[in-house]
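This report concerns only the one structure given below.
Note that the chains take the letters A, B, C and D in the order they are written out, and that residue 1 is the start of every chain.
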Amino acid sequence: MFFKSDNSLGAPEEMFEALREVNQGPVTAYGDDPWTKQVTQRFSEVFERDVAVFMVTTGTAANVLGLSLFAPPWGGIVCHNESHIMADECNASEFYTGGAKLMGVAGDGGKMTPDGVIDALYYTAKGDPHSTQPAIVSLTQVTEAGTVYSLEEIRTLSEVCKAREMNLHMDGARFTNALVSLGCSAAEMTWKSGVDVLSFGATKNGAMAAEAVVLFDMDKADELMYRRMRAGHLVSKSRYLAAQLLAYLREDLWLRHAECANKMSARLAAGLRSSNKLRHAFDVDANMQFVIMKKAVHEQLIAGGAHYYTWPGRGPKGDQAKQDDEIIARLVCGFSTKKEDVDAFIELVGSVA
Amino acid sequence: MFFKSDNSLGAPEEMFEALREVNQGPVTAYGDDPWTKQVTQRFSEVFERDVAVFMVTTGTAANVLGLSLFAPPWGGIVCHNESHIMADECNASEFYTGGAKLMGVAGDGGKMTPDGVIDALYYTAKGDPHSTQPAIVSLTQVTEAGTVYSLEEIRTLSEVCKAREMNLHMDGARFTNALVSLGCSAAEMTWKSGVDVLSFGATKNGAMAAEAVVLFDMDKADELMYRRMRAGHLVSKSRYLAAQLLAYLREDLWLRHAECANKMSARLAAGLRSSNKLRHAFDVDANMQFVIMKKAVHEQLIAGGAHYYTWPGRGPKGDQAKQDDEIIARLVCGFSTKKEDVDAFIELVGSVA
Amino acid sequence: MFFKSDNSLGAPEEMFEALREVNQGPVTAYGDDPWTKQVTQRFSEVFERDVAVFMVTTGTAANVLGLSLFAPPWGGIVCHNESHIMADECNASEFYTGGAKLMGVAGDGGKMTPDGVIDALYYTAKGDPHSTQPAIVSLTQVTEAGTVYSLEEIRTLSEVCKAREMNLHMDGARFTNALVSLGCSAAEMTWKSGVDVLSFGATKNGAMAAEAVVLFDMDKADELMYRRMRAGHLVSKSRYLAAQLLAYLREDLWLRHAECANKMSARLAAGLRSSNKLRHAFDVDANMQFVIMKKAVHEQLIAGGAHYYTWPGRGPKGDQAKQDDEIIARLVCGFSTKKEDVDAFIELVGSVA
Amino acid sequence: MFFKSDNSLGAPEEMFEALREVNQGPVTAYGDDPWTKQVTQRFSEVFERDVAVFMVTTGTAANVLGLSLFAPPWGGIVCHNESHIMADECNASEFYTGGAKLMGVAGDGGKMTPDGVIDALYYTAKGDPHSTQPAIVSLTQVTEAGTVYSLEEIRTLSEVCKAREMNLHMDGARFTNALVSLGCSAAEMTWKSGVDVLSFGATKNGAMAAEAVVLFDMDKADELMYRRMRAGHLVSKSRYLAAQLLAYLREDLWLRHAECANKMSARLAAGLRSSNKLRHAFDVDANMQFVIMKKAVHEQLIAGGAHYYTWPGRGPKGDQAKQDDEIIARLVCGFSTKKEDVDAFIELVGSVA
């Protein structure tokens, strides 16, 4: 009953095969090898247009390298208060941008609304040297609350950006879980909805360590080449990164993994909803859910062998709000989460006093 | 009728005399001159203990150099949403600290409360590498809303800091106006109330360009010496900066200036309160006040020859809140504001339709 | 006949087995797993003292994270003009330190001498705020010229450092090749000779992507934890990094690999020395050698199927110096370089006109 | 007998008058005042074309703000080993550029040659992400050795830059002394010779604290507005900075000052040349000269009441080189250096044993 994180799961057989496959003979290092080139080609197919792809080994690197292309040191990056770049990356965005300001937005269910974004820009004044200059909005898809922005919601945020000459970034650490949830194409969820730069995550969904910055506008590709290198994020044996992403996108592995994770999460949600021991904090749109329960219940679940994180997030507002004697638990399903574990947990919840 | 800013006023006779006084013979540059040494001595008298003083020419430089001593690149700086470092310094704090995160606190009347500070730290986790590490709280005295923290309020914030091993910074751009308002000593308003580092402002209160970082703990003085130089803030002809600060602190010039400014502001407030054309947004504690008025009134005042800024700030909450057809005006009095101008403005307000 | 780089080679069977070995069940991410903990233990055994180990995926990351602990933004990092941090990392050291200055030293055979280091510090003045403050010396072992510092040479540089209160960093991208060349212990080549911080490289010698910062003084370990995270270098599925380093240090794999590479390099050197078509630029101490040859010879070698880089380095001085019609070729052997390839290349050289 | 620095001298009557002149009534702060606007106009006349002028209070600020416009964090700044940005600004260039690398050039008499610049770029490779990308060359006019680049020499360096798509910066801390020395126009010494950005110094030549970044290409003016503010270098009471520069450029004050300083320096040089107690290290082109003397002579001069700095610089090469028992003294004349002092020093030198 392990629901701590999708990062906690290992890697599927396909990854091992892919690593072996590229382990043949010497090739030029630092990306000048056939597999790295295939990656760009494969992403261009997946996104239905030419894209520039910069592989890295962590989601934080993908996020902050991408953002640093669009936010100058005097710029502002608007994001949700609970977003990874705001709350979980130890000021990496400030570091990589040379000092851009993160401007937090509150918002139910981990989502920013257009009004929230506009409100975050309240004290800014375009062209005034005293003021942070609004540069880019960063949304997380799947959000940190486990919800998924609809295409309409993304487009609306994109319009707010365009009206202010700002760009739009998507932190896609759980990109495929969102994609499967929406049932749309990768193109539709990104550039067709106004996204300028994407952090494409594969690690949480089955890779060992493989993420990528995807640029829909080639103009900044040269700059990113230098930015990645000076950050120490250009790996020498690039083929092993490439192998992971190629395997990930081959024969729908990425989609199958995400479907599995989302399905297990839905099964878990359904089972828990029928319990009166806890309630859901937010909609369960993908592979991550948040439930509110009495501390006493929580203690029994842990004692019963469940593994999950309690969440520092504030949870929902109003009637649904977390009470003082309650905790919020984050339950994440992954590509290899087993039905037995889900059912065992549901049963465990049912059995607590 | 000029109430735009105390920065808009010139300099008094004493400044000119002081500059002339030091204009004798050659002296060693970069601070190794007799007057610069006197400055440290004079500040130590004023603050009733040994202090380290680093003169600079702008308040922004003083703020961010001081903060950079206490906030590492992975640190968090807690400050009011409307504070100068947050809203008016174009990300200078992020630049000088190498990427610390500014964590905004809302708060009535420009003041942070202990609860507000604690709330801003909600998502931080000491010792967790993913999390911004809480480093320092920065309060502004006089606040951006024209109010003044009481000694008790400063001490309470200081206790919040101490309990979390954080430091406390005071942005004293209008230090003397606050001092005169509270009627306490410089020592009481700073280190005796828990302040670790102070931006001491003189420019708004009569100097031409003279500010200082004041350290109450000598340990970091060496580091600041390098930080100031590498930022291009060590002036070569240091004597002219020293002259301004020495004149400022001589024969109570600083206190007399602030008393005049505060008195004019009080006179203005009293006059405006008797009008039914506008209402005050916040308490008038020092030399700066905010009034809410109909846009139509505002237009007539401008047409009538008044000069002031309208304010992007949100103003008070609840019944007092600014309405859609209203603006907030900021009215600042300075050391040389004339009674005639104050009275003329009051009269002008009385005369509008 | 592939001698481009040790980075060009793949990975041995042991790496694949190691990855599989850790691919069992869910574990906590970000390093709180059993294998990551074993890594620290294993390194402590290898280095014969408690050490702190921070795994990363690139050598550049290891170098600049390590240096950033010892060089403040106003500090100076002394290194060879041809060192990786100076010439091949796109200003990563300046980025990670927040602006430290790299101070280049010329030196025969890729080595700095004590006099060279002292000379590089010529314009610095300790305690003078105008001056870069000498902070750390970085030596590369194996050097970029393929030579290896003797223990005596390392100790002498260390004494220069100690006398100036500077620290000593070792870029050990080819750490094991040097170790095998000297026939000493890892402890002797590092902290026993005065090294304070080490970049321990495994990728060039058989890992897929596994490097580590090794700290011999624990005091700075906390700081490095934040520095690594904010740089995006904390991988989530830490177990796969750990697996590589554990396999690397198991059953002397690291030593066996380096011995093979060095032996092949020696065989190559011996074969080439008997040719009159080229001459060696520097001593061949480990797995990398530089040979000077006529451009016409070079063209025939390439046409004959040889793969290697020509080198921008200046080569030796004096009688040995590279002539205008000559090039310098870098020939690198690795853990899997085959005798047949070495011999074929020697034969090819012998056959050119 | 004070020859320490032109920074050691005070300010002339004209500066005081100018400060008083602008001390009238309230004006909008931060540069939106009539005098600041006149500065741009006046500089455009002086430079015979539209220029953008950004006033600051230190030469270091002017240098590094200017450079930061042209050198990206992954860029290289080529400069003389003894230049102020390399040796005397505590890594300010690295700070402001976000990590550009300073690439030092040796060169006789403080001057870089085209070959020296090309040599400094030896290890760079355009378009290779591993390599620092050559961005800008910075020359100092008057050089740190007291020599002056001829227009031809500037143009030749400019051609090296153009051929490599690099820009050219001039550190003009002693701009006017060079101008007077060459007898050319400000336009000829700058943009007409290929200079893209200038640090225009006034402080050493009579201002209290007034320097400026002068841009000959307006495209980057907006960016510099933000860069200056976020560095804390936008002064609020801008009029006092403007007053100094307007006075400086009025009625040829700048030229008269520099003529005086250069003339006194020439008189000093002539007097010292007739002595056999010392010899000049470099040509005396402007207001600064370097003389080599026995330590015993030096001690007598100091005892006799002379004030000057000994120089860390290495001095000339070959027969002229400084010996072990010798020191190099830097003797600087300024706008207010008196003939009597010059003659007294010459006499003192003549009188030592």
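Everything that follows uses one rule, which is that a contact is a pair of C-beta atoms (placed from the backbone, for glycine too) under 8 Å apart; a residue touches a chain by one contact, two chains touch by 3 or more.
Just so it is clear, the model here is predicted, and its values are computed rather than measured.
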Looking at Cα centroids only, farthest away from subunit D lies chain A
Contact-pair count is greater, between B-D and A-D, for B-D
Distance in whole angstrom between the CA centres of subunit A and subunit B is 41
Subunit A to subunit D, mean C-alpha position gap in Å, rounds to 51
CA centroids of subunit B and subunit D: separation to the nearest Å works out as 35
Residues in subunit A with touches to at least two other chains are numbered 30, 73-74, 89-91, 95, 98-99, 129-130, 133, 226, 229-230, 234
Subunit D residues touching subunit B in their complex are 2, 4-5, 7-11, 16, 19-20, 22-30, 56-65, 89-92, 95-96, 203-204, 208-209, 226, 229-237, 239-241, 307, 334
Counting only contacts in the complex, subunit B reaches subunit A at residues 73-75, 81-82, 86-91, 94-95, 98-102, 104, 122-123, 125, 129-133, 312-314
Subunit D contacts subunit A in the complex at 30, 72-74, 98-99, 129-130, 133, 223, 225-230, 234
